[in-house]
Structures are given as structure tokens and as C-alpha cells.
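A, B, C, D, E and F label the chains in the order they appear, each numbered from 1.
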Amino acid sequence: MDAFYRSIEALTSSYGAYGLINHAGGPNLPSQEAVADILRDIDALLFPGFREEESADEGSLANVTAERVHRTARKLMRETEKSLSFSCRNGRFACEGAGCRDLAARIVKEFFAELPQIRRILSLDVAAAFKGDPAAKSVEEVVVAYPGLEAIAVHRIAHFFWSKDLPLIPRMMSEIVHGRTGIDIHPGATIGESFFIDHGTGVVVGETTLIGRNVKIYQGVTLGALSVRKSEADNKRHPTIEDDVTIYAGATILGGETTIGRGSVIGGNVWVTESVPPDTLVYVKSGDQELKPREKRG
Amino acid sequence: MDAFYRSIEALTSSYGAYGLINHAGGPNLPSQEAVADILRDIDALLFPGFREEESADEGSLANVTAERVHRTARKLMRETEKSLSFSCRNGRFACEGAGCRDLAARIVKEFFAELPQIRRILSLDVAAAFKGDPAAKSVEEVVVAYPGLEAIAVHRIAHFFWSKDLPLIPRMMSEIVHGRTGIDIHPGATIGESFFIDHGTGVVVGETTLIGRNVKIYQGVTLGALSVRKSEADNKRHPTIEDDVTIYAGATILGGETTIGRGSVIGGNVWVTESVPPDTLVYVKSGDQELKPREKRG
Amino acid sequence: MDAFYRSIEALTSSYGAYGLINHAGGPNLPSQEAVADILRDIDALLFPGFREEESADEGSLANVTAERVHRTARKLMRETEKSLSFSCRNGRFACEGAGCRDLAARIVKEFFAELPQIRRILSLDVAAAFKGDPAAKSVEEVVVAYPGLEAIAVHRIAHFFWSKDLPLIPRMMSEIVHGRTGIDIHPGATIGESFFIDHGTGVVVGETTLIGRNVKIYQGVTLGALSVRKSEADNKRHPTIEDDVTIYAGATILGGETTIGRGSVIGGNVWVTESVPPDTLVYVKSGDQELKPREKRG
Amino acid sequence: MDAFYRSIEALTSSYGAYGLINHAGGPNLPSQEAVADILRDIDALLFPGFREEESADEGSLANVTAERVHRTARKLMRETEKSLSFSCRNGRFACEGAGCRDLAARIVKEFFAELPQIRRILSLDVAAAFKGDPAAKSVEEVVVAYPGLEAIAVHRIAHFFWSKDLPLIPRMMSEIVHGRTGIDIHPGATIGESFFIDHGTGVVVGETTLIGRNVKIYQGVTLGALSVRKSEADNKRHPTIEDDVTIYAGATILGGETTIGRGSVIGGNVWVTESVPPDTLVYVKSGDQELKPREKRG
Amino acid sequence: MDAFYRSIEALTSSYGAYGLINHAGGPNLPSQEAVADILRDIDALLFPGFREEESADEGSLANVTAERVHRTARKLMRETEKSLSFSCRNGRFACEGAGCRDLAARIVKEFFAELPQIRRILSLDVAAAFKGDPAAKSVEEVVVAYPGLEAIAVHRIAHFFWSKDLPLIPRMMSEIVHGRTGIDIHPGATIGESFFIDHGTGVVVGETTLIGRNVKIYQGVTLGALSVRKSEADNKRHPTIEDDVTIYAGATILGGETTIGRGSVIGGNVWVTESVPPDTLVYVKSGDQELKPREKRG
Amino acid sequence: MDAFYRSIEALTSSYGAYGLINHAGGPNLPSQEAVADILRDIDALLFPGFREEESADEGSLANVTAERVHRTARKLMRETEKSLSFSCRNGRFACEGAGCRDLAARIVKEFFAELPQIRRILSLDVAAAFKGDPAAKSVEEVVVAYPGLEAIAVHRIAHFFWSKDLPLIPRMMSEIVHGRTGIDIHPGATIGESFFIDHGTGVVVGETTLIGRNVKIYQGVTLGALSVRKSEADNKRHPTIEDDVTIYAGATILGGETTIGRGSVIGGNVWVTESVPPDTLVYVKSGDQELKPREKRG
């Protein structure tokens, strides 16, 4: 006798009864596995010679690169088309005329055309990380062992697709790297070059955040919203961080109208909900802690 | 000559000498790999149509579901039996009469009977997340890209096994999702429906926590214990959060007698060790920070 | 027509143009995949009987151990040699005489000779965790489900290689476990026995930190630097934590001259930049928070 | 410069130019990989307890069997539907009314209903092999190490699908086992119970062959056609072998009207193109070979 | 104690003592695994749309083809270079000037330029098979289920590399398909278009065989040498088969001066060591077999 | 509704009804997959430097060899123990005293002690193949591309285990290589050094065959039995082939008292059931074939 017969019946029939978590019979969604795989492929294109088990000499690099681009393009087109179809069906996006497949092909083509430019900016991010962390012994160490670099690299990719109004995939990308690094940057955030996140666990950067050049942030920093009303979803809800700002660990900066002026330094654990002028140092006042002899416990 | 001959001898003989980290010759423990695999299988049963590379039409859904249930049941029985045997040997649990295998079969059978109910509650969690985050563009996005949903889904599974006094497996489950999301919910915690964690990194929810309905918490929130004495392990050591409470990022709420009253809001970085009445707003007083012009460094 | 022809050309030629993120044609670097694999192998050597799907009886344990040691040694030699070659080429390290391969073989041999000692210390760490957490039901649970144990185990391995001046690999190891646990311990940190990290997400322990015996820390604790100038990279920049200290969640302790005296307790969210005498309790003063009735939102 | 640019262009355009070996853009064909996988699954259903790494006790056998049936059914439905669609498009078969998917579901359902009967016949084949080969030490050896049993097992499966007029899949099955065993039985052949092929390499059994019960054949036996004209494809072109016949190695029996009468024995290397009466022994006459002293070569 | 300590020592030291089967420390040889993998890749390029799990529409076919060519080229270059290096070291081949890598690149480039021509010839082979076998129901069946087609496809590839004097790889290719089909065609054999092998098990075609157009052979046919003296290795040792010849199962044709004239038919099991004029039928005389009543065994 | 519910019930209940092909609930049998895997491992130990993707320098060869031996020993012990347990239960073998595990350990230990000797003999087989085939261009080609070498290598391994009265595994080994090469050598056959099989498809060598040194055989040769009565299973049923004999393709030699004398040559397709004196040439007389002009078919 099949011990699970009744449970299977109940489960299968529940697949018709509750709307929110059922997608059976709906259009295919992009696969998390596939998106993670695509990110690995793009990573190898961004950092040639860093991820391979074997050194690719220059002679074969052209061939290897062509293969990688074509392979990644094939996978990317497939997932991009699924995302667009999903969006069309929900009426949030119209592929019009030539259809989702053609639009997917165009977006993917534009992405690869953009890759050299993304590499240029990432090389500045690597330089900023090496310069900004006394513990970094080589630029190669930054590329192979800094979660902050991984996070910003994936963000620059995800942001490209976000800028094309592609649904789901950019957020899946940011969630994959959030899972690996503890750094949660919404793909909508706009971030300038030479950006460095140290350690990074617990960092949150909201959807409408604007970050200038040469900004450095530490673990646990939140650039968040004051309002969490769904009706204000289209407003700028997250802060603006101007060039050359440093934000130390655990600081919280909230609000769409909050601007941290150029060259300012926000100290650890500071809480900011109003704008800070340029070249300002904000820090927690001392004197809010007490020391006393510790009672020994038995 | 074998360069490692001596090290192998030393290592092998150390396997007899220190008790705590040796398990050679002991009963099999549940495998982390297997438990992670089981969670992936259950996830696919909970969210049909979301994880597949290909769309399963309704015609084949019944067959696919039956296969999944049987496969997952086989794996789950195996690991459950190992957990029970471990517990029996340690005298912490008695399978009695029919033995560990029969008890494992009964628990697994009950789990699949419970699954439709778990799905019902998770659909409320998804709705709460969509409603609670202005950045969420669709309910599908919540299912494919919200770590908070992953954490609560795994918790609801782990909590079922915890409620059956099954050792090890519930904690292994919660640790797997902690590793992926940075959200650490002890499987003993009791959590009501429509629960939403945003961003989530750094969240800690202790073993004896009680959480009502429609509660929303942000990254870095700790619901912890004041006492960490082993002798108090059986007491309620973690707080109670009543319905409709919101707790912002970085807040810390400690103690088994601490209750946050219905409808209250706990602000970011707030530190609470005593109960808060219903419909209360708790926030960090301003004025504890200083601004001054930044000295330029050479 | 090849839609990607131009992008491939641009990408391939960019591989010659920007220095920082190109490694094509350079010496092989250790592979992240391979280092992760090595850590899994060492983990199985450290915790015999915990990770296997099947119980290894004592009769076959010697054979299984010999196989594991040889396999791990092979992989480790390969990656170690790559690291040393990288270092030699950059002039930061000189393998001299017999060359990188011989030095790699010597380091790997020493590592396996050290393993029984590392196991001895880890068994004390397990005991400390079991004793320190009321929620821990068995020592086996600590081994299979505590991220803090995983973090300290990897740290003790990474620190060994760090002490041999091996570049890249120690940092890759610490980053791998940081990604999995949210605990970021620099391999340079010196940590005494019976060390316990609970929950762990967001913990940062800097390169020159010194930690004594029986120290316990919670999630979100930072042991960091005050100065982040590259020119001071060789100084002691991170604090000293003496024996028997406990540091609660979210506390921040900064500076190379900051010492937390033996037996002291640092409370949650406390901010410390100066030394604390032995047997002292440091905590956030109450009175810095306000409660008021919550305005209901429409 | 892409060294393969021109070859890719030529190849891609050749994909439009030659009809016979192009299938791009056509309906999906059953995948060889998938069919091989299905055969492995069915094999495990036919021979429970023989192929598993671990012994399945009776308690879990029902669950394991249910899982296997559902998994195999899923795969089989998919490939069967592809085969039927291919056939429909070519006008060689009409799925009519409910379409290819429904017909696929019906065939697959009938196949699983037939499996117990196929098992019954295979158990007689195993008994015949054990009885017929003095070298066989146990019936278990027959199941794990006799290619003749593998061939007849796959044939009985393939023949079922052939009898349902399913195109491609039966031939793919027979070719897979031909590749593994060197035994080439056309799925159209009708073969009675207690059939045994020893050694088997080089055996060929044609499409319209009829074989009775208790027949035994050896390696290199051909049961073939005299005519190879396409226009006679629908005729019976291959011989009839009645019950209790033995055919030794290398014998060739040709022609649709050739019948080997009940109980006859065909000797090694014999060539038969006309019927042989019952209980007859056919053998090569001696005297057609010469012996002479061998000349030694330098 | 390590039970295998002595055996390992003996084995390792034997690796220095016997020349023929040691290759440790020698140049890398092409890997059987890699060559098999390359054959699979080329197969997918030759038969687009036949091997894929999913149908590739024409829009993506160009991209998929480019990816396949680049991937296959990468692998092929690697193995080809190893083969050339092996040959150079043994003095049997000189890569001269630019070295083995450049020569490998040139050979691989020429191979892909030749692929469309190979496809053209294979389409004629498929047509010949379909026409020649009454049991073939469709040309698609020939492509997915005829071992003779697999053998001739691999032969045409292997023969290309043979014609470039590449060592090892062509023979490894012919052996791989020999293992799968039982058809052993030496890569040196020259075979015209519209070639068909039916069933195929046991077919042997020697190194210096010449085969014209429209030739059809059956299982067990040998086209072999009379002399097996190593000193005659450079002579033509195997027969010539002119256009439109059919050779039935088990026939043996030997000798470098033996020619089967155009349009002749060689019957089953016939033994030929001298030339046969055009349009001749050769067959085994009847009368060499005896029938007698079979004695019943108890 | 579960379409397969009834079939699953019928199948599961049939698992109790027919004896021969049921093994559910019985002792584990050696796994075909595992035995194939073991053969791959032993092959790599026999032919160091031939199978690796990367060249193992002498420095690391000792380590790699130790690892391989231990890994292979672990797998071999497991499967050997299963075979012995199976045998014990059937009463065909008694492990006595220390039990099956201890006996398995002893057999495996003896096997590795024998390996260097097996390598010595195989190096003679390689030399014989290179000398015996004019088409062989190098000894390396023999090792990487001659199925005859693969067959004899596996036979020498299987024969070792046969000589220890181990059931099932030797036959599984011989069947695996039979499937790959078409060469079927029973593990009981005794074969001298410098043995060479060319092409090999269709070769059958029976259980009690005795073969001397420097013997060479071609494809399709059968060394078989005259009697196939089960009651004579313990007799010598297969021929004796003395030193320096050559047997050409398709020859059949039958009978336990048939001896081919030293230095004799058996021609192609010859049928031998009586002994042949030393230095004799046996060949098919000419004149048994007819030629006539071929009738053209319309």
C-alpha cells in the first residue's frame, strides 16, 4: 500500500487552490540555477586568467573568449526571453512587434557590447580596494578573495539589465551575490566608479540610492528608506552619497532626501536621517557607556 | 618513501584519543549533503512551477508530484532513522517497541500529510512580503528572490520536525538556510502566519521565541536571551512578539519575559530588555551624535 | 552572421589594455574551486565519522585516512606551488635553491604533521561551544550545525599556512568560510583554544588581532582597526582580547593598542577604542531611548 | 581575429543545404541519452535488489518502486510523445483526436501494466541460461554478468513498444544493447520464453524472425534475409525457429520461408537457406580442411 | 599500520623498472576521455538537430554552432598539440619552425574548413543506408540507430587527421567507435561515398584498404592482410574494393593485390585471396553440409 | 488520480512471487558500476602516465600512487566482502573463523602485492602486440588504442580473483571488458605471457582453456567446449593451446582434449575438434567456392 497516496492527492489538488505560490502551468520563469551559472560565465569573461584551472596563453585566448561569449549568450537569451514573456503576460511590459525573442536577442547583444566598459570600471574598483585596505597584499588578492569586489561586479551586471527594464533576472542576480557575501545591493542603485566595500556582511543598499565616485563603506552599513509604503514605490526613497565619502561599519543612513556631502566621513554605528554637509565628520558621542567591575558568577 | 607515513599514523591513532570530535565507529549521523538535498526537494514541492527548468503542464503534474514525494520520502526516511538511532543510543529518546525505522516512517508520513497546510501558511507569508516591500514588483519576485521567504519556508519545515522531537535534522536545516541567507532562526521558535523578514542578514531568532501574526522584521534584528546558563536551557529564554509588530534594522530584544505588545514598532538599533506595551513606538533619542568639519588627511 | 563578432573582438583586445583585472598569460593562480575542495577534504580528516554517508568501522579507517591524506596532499601541493610561484614572480617571496615545488612539498608535509595538534585544539573549541550555548543539545550538534565551529576550524587551517608566509591561499580559505557563515576572520589573527562564536553573522576579526583562551563572542562583533592607512599595514592595528573575555552581539572594539583585560565582559552594541581593565563589565547606559504611543497609519 | 569565422559561416549555411542529415528546426527526436537512461530505470524495476548499491529492505521497497515507476513514466512519456509527433508529421501515423500527448500517456500506462508479465518471462529466460551454461555458477551470476540476458531483457521491452507502432524508440533501444553486447535483435522479432544466447557477440536476429520456446543460440549466429529489396520490406523476410532448437556459433539461417523444425540442432558455421525438418542435426562435413607441416619463417 | 605500505613501494619502484608500460614523466598523451568527448562534439556539429534535447530554432542555430566550433576547437587543439609533441620527441615527425602548437592550430583550422565537405559525403552515406536496408523506416532512424553510420562518420573524421600524419588520435578515434559498434575500420583506409555497413559487428577494414563508391558490407566481413610481417608495414597489404560491390556477412577478403571488380557480389562466409573480375558473383558451393536425425539426449 | 497506482501494486507484489530475478531483501551483490570503477582505477595503476590528463612528474608519483592504492583498496574491499557474503549465504564458500570482512581484506592485500608481477607480464603482452601488428606505429599506440591489450589486462586481474575462489566479481570484470571490446575471455582461462589478440571482436575463450606463451589470435576465434552438459561443469571442457601458436580470424577450436601443438598455425575459418601436432599448418581447402557472372537486378 502506498503510504503517501493521500498526501499526494491533497498536495496535487492544493496546486489548484492557492494562487500566490503556484506557478504550475504558468509561463516558465528564469531558473535560479541558470542565472547563477550565467554569473559564473560572465565572471570568467570579466576576469580572464583568474578563474581558470589552467593558464590560457594569448594564442588560445581569442578562441576561448569567443566560445565563452557564445555559450553565455545562448544561456542568457533563454532566460531573458523567459523574463520578458513573464512580464508581457502580466501586462507590465510590452515586447510588441517582433516579440519577446527578438527583444531578448537585442538586450543580450547590447550587454556584450557593454562588457568592455564594465571591465574598465571594475578595474578602478579593484584599484580602490587595494588602496583602501592595508591588509590587501596584492591586487590579485582583491580579485580572488574580496567579497566586496564580487558584490560590485555582480551589481554592475545586474544594473545593466535593470536599466533595460528586464524583470526578475536583475533581482535574482543581486540575491545570489547577497547569499554568498551578505551584501544586499538592489540592482536599481546607481553606483559610481572606484567603489569599495570592506568585509561587507550586512550591507544593504536600497533601490533608489545614488552613490558617487570613490565611496568606501564597511560591513553593516544600511542605505535605506524611511517610508515603506507601497504607494511611494516610485519615489526616490533612499539616500544620495556624494563623491569621496567614507561610511564606517554599522552606520545607518535613511531617506530619499538625505544627502551625504562630498568628502564626508560617517562614523561607525551612526544613525543619519538628515543631510550632512560636505567635508563633515559625524560620530557617536562618547559618554554613553558605563564600565563597572564584573560580578563573578559561580 | 611515503612522505606522509608518520602523519597518517599519528592522525589515525588520534582518532582513538580525543572524544569530542570523533565519530568513527559511532552510529551514522544525518549527512549535511543529504539534508540540503531534501530541502531542495521539499522546496520544489512547496513552490510548483517556480524551480523547474521546464514548465510542467497540469497533465503531468500529478505524476511529477508523486515521483517527488516518493523520492523525498525515501531520502527523508533514511536521514530521520539515523537521527532517531543517534538519539536512542544517547538515551535522550526512546523509539520503543517497533523501533527507529517504524518511528521514522511515521514521522515522514505525518510530514507529507502536513505539507498542504504548510503551503497555505507560506502563501500568506508571500502576500505579506509583497505588501510589505515597496521594491517588490511582483509576487513571483518574492518567491524567486527574497531570502526572507526562503528562511521562513525552511523554518516552517524544520519546526515541524522539531515538534516531533527529532534531533539534529531541524538544526541542520536551520543552519543550511542561515548559511545561505544570514538569517538564523532556531527551529524551536514559534512563528505565526504572514511573517516577513526584509534583507535579513544578521537576524537571530532564539529557540523559545514566540512570534504572532503579521510581524515584520528587518536585517540585523536579534530576538535573544539574557541568560546563557546551561542550567536554564529548559526555560523560556527569548522574547514574545505579539501580532502586528514591526522591528526595524539592528534592534535587539532580549529576555524570556520581554513582550512586545500588539501593534508596537521598535525602531532601528533600539535595545530592549523589558516589555513594551501595545501600540508603542520605541526609538533611539537623537542628540547622541556629533558633527564636526573633517580634517583632511595628507 | 555572428551577432557577437564585434563584442568578442572588443573584449579580447581589452584583455591587453587594462592591467588590474587581467591575468591571461600570467602564472596560474590557486583555483577557488580547488581550495574549497581541499577544505572539504581537510574537514573530513578533522572530524572522522561526521561527514560520511556511511559509517567507517575502525578496520577500514586506517585505509580511508591514508587515502584522504594522500589525495588532499596531492591537491594541496598543486595549489601551494601555484601560490609560491605567483609570489616569487612578484618578488615578494623567494623560494630560492630547490624551487617552489620543493618548498610546496615541505609546507604540505608540515601541515599534515600539524593536523593532530589542530584536532586537539578543535576538540576544546567544541567543548567550549557545547558548554557556552544552552540551546546545544549534544556535542554532535555542535559539529554538524554550528557555523562558529566551521569558522574557527577553517581559521586554524588558514592560520597555519599564513604562518608559512604562503600568499593568497589563506585569504581564499577565510573568504570561503566567510561566504558560508558570515564570519570574517583574517588568517593572520592569533586565537587561543576554547574559542566560541555564537550565531556569528557579521563578525569581523582583523589581521593583527590577538585573542586568548576561553573567549566567547556573538554575532556582529567587530575587532577592527582605527587606522586604515596603507603605510601602517605592518603595525599591530587590531585589538588584544585576553583570556576568559565575553563580547556580546554588535560590540565594536578598535585599535592595535586596545586591550580587553582578562575576564571582562563587553555588552551588546558597545563601542570600545580604549583598553578595558581585567574583570570589567562595559555596557550601554540606559536612558538613550524613548517610548511613545504609536500613531496609526491609514 | 577569429580563426574559425569562415568555417562557422560555411557550416551554418550548409545546415540549410543538405536535407538528409539536417534536423535543425524540425520536431524534437527522442534523445539517445534519454532512452539509455530509461532502459537503466526499467532494468532496475525488472531486477529489484540486483542493481542497487544498497539493499532495499521490504519495508521501503514499495516506496522505492513507486518513485521509480513515476520517474520512469515521466521520462518515457516525454520521449514517447516526441516519437509520435515525429511520426505524425511524416504522415506515417495518426494520433488523431486527443493528440500525441494523450496517446503517449496511454502507451506508457499500458507498458507499466505489462511489466509484471515481462518479469515473469524474463525469470524463465534466466532459468534457461543457468541450465544451459555449465560455466554459470549461480542464477545471480546470470543476472549480473550475462550479455545474452541483457539483450533479451531489452528486446522484450523494445518489442512491446514496437507492437504499439511507436517509431524510433524501439530501434534506439535495440541499438543501445547491440552496442553494449554485440547482439543485434531487431525489435520486430517475436521470441518465445526460455530463450538463451551464450556469449552473443555477432548475433543478428532480423525484423520478421519468429522464435519459439526453449531456443538456445550462440555467438555469431545470423537469422537473416535472403532478399534485401526495399519493395519487399513488408513481407516475412527472416526465418522461423521452432521450439527446443539449438543453433551453434557462427551458423547462418536465411529466408522468410526457412523453418528450423522443433528440436533440431544447427551446428557451428552451418549455412541454411532451406527448411530443416524437426529433430534434425545439421553439421559441416569434415574433410574440407588440410593439415601440412608449417614452414618456419626467418 | 598501513596494510599496503610494501605494495605501494614495490609498485612505485616498478614504475622505474619496466619500459613499455610506463609513461610517468613522459610527455602527456592525448586523453581517451578527451578524444571521446571531442567525437561527441563533432557528431553534434555533423548532425544538427538530431542529438539535442531541445530543438534549436534557426535563429539561435548560428550562435549555438559558433559556440560548438570554438569549444571543440579548444579541446582539439589541446589534444592535437599533445599528439604532435609526442611524435616530435620520438623523432617520427618534425614540427619544425613554429613548433607543435602552431602546427596543431593549422590542422584544427583545416579540419573545420573540411567539415561541410564531410557532411556532404555523410548525407550520401545516410541515403545509401536507407536505400539498402528494407528494415529502415525513415532516414531519421538511420541517423539515430545505425551503428554503421556511426562507424563511417567517425572514420571520415579520423581519416582526415590520419591524412595529416597526426599520430595516436586517429587510432584512438577508430578504437572508440570500434568499442561501441564492433566495427573496426583502420583510419588509414580510403572509403568512397555512399558506403553502407549493415549490423556491422565483427567488421574489420585494414589500414591500406581502398573502397570505391556505393559499396555495401555486412557484419563479420574482414578486409585484411595476408602478410603480417612488420617489415612490410609500408606496403599496400589490404584489398581494393571497386564501386558498386556488395559483400555479405562473414566474408573474408585478404591481400594487398586482391581486387574485387566493380559490381561484384561476394557471398556470405566466402574466403577470397585472389582478385575477382567485375560483375562476378562468388558464393560457397552447396553440398558441404550434412543432415541427420538428431539423437535425443536424456 | 495516480495513473500508475495499480501497476505499482502489481509490480511490488510480483517482487514476492518469482524467485529467480528477485534480490530485494537479499544480501547486497557487488555493484556493476563499482566494479567498472575499480577496473578504471587498477588500469591507472598498471599504466602510469597513460591515462592522466596531466603528466605526473616523478616527485608526485609516489603520492599519487599511494592515494590510488588506498582508494582502490577501499572500493575493492567493499565489493569483495559483498561477494564473499553472498557466497557464504549460499553455502558455496565458507569464510569461517574471522568472517567475510577479514577474508576480503586478505584477498585485497594479496592482490596489491601481486600487481607488480601483473605489470611485468603485461609489458610482455604490449611488446608482443607491437611486434605482431605491422599497423602499430608505436608501443604507446598499443597501450592507448588496442582492445586486445585491454582485454588481456582485465583478464589477468579477473583471473587473480578467480584463483581466490571469489564469486561474481571475476565474471563481472570479464563481462565489462567483453562489452567494451567484443572479446569474451572467461576469468577461469589460464593464459601465458606475450599474448596478443588483434581486432578481437567475437573472440570467445572458455573457462578451462589453457594457453601457452607467445600465442596470437585474431577476431572471431572461438576456443570452446564440445559438451554443454551442466553435469560436466567441473571437467576440462576447453582446448589447450601450446606456445608460439597463431590462430587466424574466425577459427573454431573445441573440446577439452583438443591440443594445438607448439608452433602450429590455424588458418582463418578453420574448424578443429581434434588435436593438431606441433608445427602444423591447418587451412581451409580451396575449391569449395564458385564464381559466376552476376545477374544484374533491375
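In this section, a contact is a pair of C-beta atoms (placed from the backbone, for glycine too) under 8 Å apart; a residue touches a chain by one contact, two chains touch by 3 or more.
Computed from a prediction, not measured in an experiment: that's the story for all the values here.
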Chains touching both subunit B and subunit E: A, C, D, F
Chain labels contacting subunit A and also subunit F: B, C, D, E
Centroid comparison with subunit A (C-alpha atoms), farthest chain: F
Self-contact between copies subunit A and subunit C, residue sets same or different by half: different
Pair with more cross-chain C-beta pairs in contact, given C-F and D-E: D-E
Subunit B-subunit C separation of Cα centroids, rounded to whole Å: 24
Distance from subunit E to subunit A - Cα centre to Cα centre, in angstrom: 52
Chain centre separation in whole Å, for subunit E relative to subunit C (CA means): 54
Residues of subunit C touching at least two other chains: 2-4, 8, 62-63, 66, 70, 73, 105, 182, 201-202, 220, 229, 250, 269, 284, 288
Touch-based graph of the chains, sorted into line, ring, star, complete or other: complete
List of subunit D residues in touch with subunit C within their complex: 2, 5, 8
Of subunit B, residues touching subunit C in the complex: 3-4, 6-8, 10-12, 14-15, 18-34, 86, 90, 92, 167-168, 171-172, 174-175, 178-179, 182, 184, 186, 188, 201-202, 204, 206-207, 220, 222, 224-225, 227-230, 232-233, 237, 250, 252, 254, 263-265, 269-271, 276, 279-285, 288, 297
Residues of subunit F that touch subunit E when the two form their complex: 45-58, 61-62, 65-66, 69-70, 73, 105, 109, 112-113, 115-116, 119-120, 122-123, 126-127, 131-135, 137-141, 143-147, 180-182, 199, 201-202, 219-220, 229, 249-250, 268-269, 284, 288-296
Subunit D - residues contacting subunit A, complex: 1-4, 62-63, 66
Complex contact set, residues of subunit F against subunit C: 59-60, 63-64, 66-67, 70-71, 73-74, 77, 101, 105
